[in-house]
Amino acid sequence: MQTEILDIAVFTTLAALVATVVMLPPGIGLAWVLARHQFRGKAIVETLASLPLVMPPVATGLMLLWLVGRRGPVGRALAPFGIEIVFTPAAVVLAMAIMGLPLLVRTARAGFEQVTKRYEQMAETLGARPWRVFTTVTLPLASRNILAGALLGFTRALGEFGATIVVAGSIPGRTRTLAVGIYTYTETGQDARAASLLAVSVTLAFGAALIANRLARVD
Amino acid sequence: MLRWWATFALVIATVVPLPAQRPEVLVSAAASLADVMGTIARIYEMRTGTRVVVNTGASNTLARQIAAGAAVDLFISADEAQMGTIREEVVANTTVDLLSNQLAVVVPADRPRTLRSARELTDAAFRRIAIGDPAAVPAGVYAKAHLQQLGIWPAVSGKIVPTASVRLALAAVENGAADAAIVYRTDLNAAHRASLALAIPLAEGPRIIYPAAVIRSGRNREGATRLLAWLRGTEAAGIFKGAGFIPLGQ
Amino acid sequence: MADAATRMPPQFELRFLMTQGAFTVAADLEIAARAIALFGPSGSGKTTILEVIAGLRSPKHGRITVCGRILCDTDTHTNVPVRDRHVGYVPQDVLLFPHLDVRRNVTYAQPRRRHIDMPDLDQLLGLTTLMDRKVSGLSGGERQRVALARALYSGPDVLLLDEPLAAVDLARRRLILDTLVAIRDELRVPLVYVTHSPEEARAIADYAIVLDEGNVIAAGVPDDVLP
């Protein structure tokens, strides 16, 4: 039982880490676009980006299942390469990344909004091209918020349940995460195991949330 | 830059699923079967060398996954209704009634009581009765059907506390929030602070069936067929019985 | 090396109209000068002119030429991007990058062909002891020196200075003024200098533009136009 609990804890943490890495590029890009650009349909993009936060996670999971399932548009495109997402660790990572993304985007966006545009203008007068301005000035100045957002996204990923169980299922040793494990063990009356997972999950979430809150605080 | 690529490669390697090297049978089974199916998988692999991977969840979730084309080989549902929703995904003539279960009335262990019939739930001592939400949870559907059959649904419906799963109905009794719950007989195996008040006899209760079927989009139809046959054999029957289920056999 | 005084002074052309809400800044000047002072009270449009030259603001119509190079001409739809204007800009709040140390601030720009050598910069601005320090610990005068070094490092065509002595204590002002004169005469980088002090304008500029509420009310030799 001990190794089983440990396996689930390690797998969940790793999957959440990978999910965080996966959500960073689109999350940072989206946050920057929302913070710095006005365009038609911005409200729609904004709403879409926060949808996983307000929608029931199971509904998000069902949408993902429809997308990446073998009959869905993404699933069909991947099928010729022998790649299948549903019921694999990739599905866990996908569900976690989608659910964590809104938190990352929100926090990072606030960070970008705090960066004075004039620093970027200074870099421009010094000859920097847009990409260099972004990587050497904008990104470092917003890094604290981005880090906080990544941590929040990571915490959300750690606790993700609804979307995960729909698109990844609950397969021991393959897709069973802390939250899914707690559900499965509770459903089968294995209260001691559920309690162990609960303890692990509370500890992990507490630590991550503590650091995230400390980082997000403006000093 | 190199660092970025290294990170990227690592992520891809972790995430991109590779096709399984060894033929295995992927079984989607109702959450209530999670524990016993774990045992089944271990023993079946020992006997035949075939790996059985078990995915568990609420039956309706499992059905949705199959409808989306998930490569499930064998599906064991907690009720016939969910199996019915994916009729088109099932290999013809493979659906069998694998298991049955019994309804049970449970009460808190510190207030044990024995009932002769669920009719006694109209007693004023039962102020709150927990059942799975009849709108979604199979156990709740069965419980409501039984109370209707007895003609006492109008009398007790005001006392009913619907829960999101049958386990939560049991938990409500265990923590004293409800005075009684109607659950599966098998749920009592793991109950510590609830005691059995009445096991509703099979003949009087609703027909509770766990149907199983081979799924068309699976990758190992042959393996699934063989596993299903084994599940209906004597050794599997013993394991199911040990967990409180009623094997329906060949 | 030709004597500074005998060389042709750099040519500037500032002909533009810029509006921002109700505020309008207009100029119509052709100038040959090594250092131009923009003089006037707060809100008279001095900083706006610097920003128009740097390309941070676009005029509604007009034409800007620095050292004979056209940076903006609305008639021909020419608008050189900020990064290619080769201007060294030191805003009033200097805006050193807070996340970079002094060395990285100074060397942020890519040196151009006609860049200024680090030893020369160091000698002029006394940077050696500052190089490895954090930006947050610098005094007002030190910040000003670092900002000058950053703006000069790539060898700009012109140096745009927005009240560079405002945050410097009185004792150090003379020193910085001498440095600016050295930049003008030894490094031969022309200056556009925003100030509201006639003394400073006289000390540094050979041409002065007096502004009030966005309009040029006088322009010419400092002694003639300054109060």
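The first chain written gets the first letter, and so on, giving A, B and C; residue counts start at 1 in each chain.
Please note the rule applied: contacts are C-beta pairs under 8 Å (C-beta built on N, C-alpha and C of every residue); 3 or more make two chains touch, one makes a residue touch a chain.
Quick caveat: nothing in here was measured; it's all calculated off a predicted structure.
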If you take the chains that touch chain A and keep only those that also touch chain B, what is left? none
Which chain maximises the distance between its CA centroid and that of chain B? C
Distance in whole angstrom between the CA centres of chain A and chain B is 31
In whole angstrom, the CA-centroid distance of chain A from chain C equals 46
Please work out the Cα centroid separation of chain B and chain C, and write it as a whole number of Å. 77
Mind pulling the chain C residues that touch 2 or more other chains? none
Any chance you could list the residues of chain B touching two or more other chains? none
Using the touch definition from the top, list the residues of chain B that touch chain A in their complex. 7, 11, 14-17, 19, 26, 28, 31-32, 34-35, 38, 53-57, 61-62, 64-65, 68-72, 165, 167, 170, 187, 189-192, 217
If you look only at chain A, which of its residues touch chain B in the complex? 14, 18, 21-22, 58, 62, 65-66, 69-72, 75, 82-90, 93, 165-167, 169-172, 174-175, 183-191
Chain C residues touching chain A - in the complex, by the definition given at the top: 54-56, 81-89, 91, 95, 97-99, 108-110, 112, 150-151, 154
Which residues of chain A touch chain C once you look at their complex with the stated criterion? 116, 118-119, 121-129, 136-137, 140-141, 143
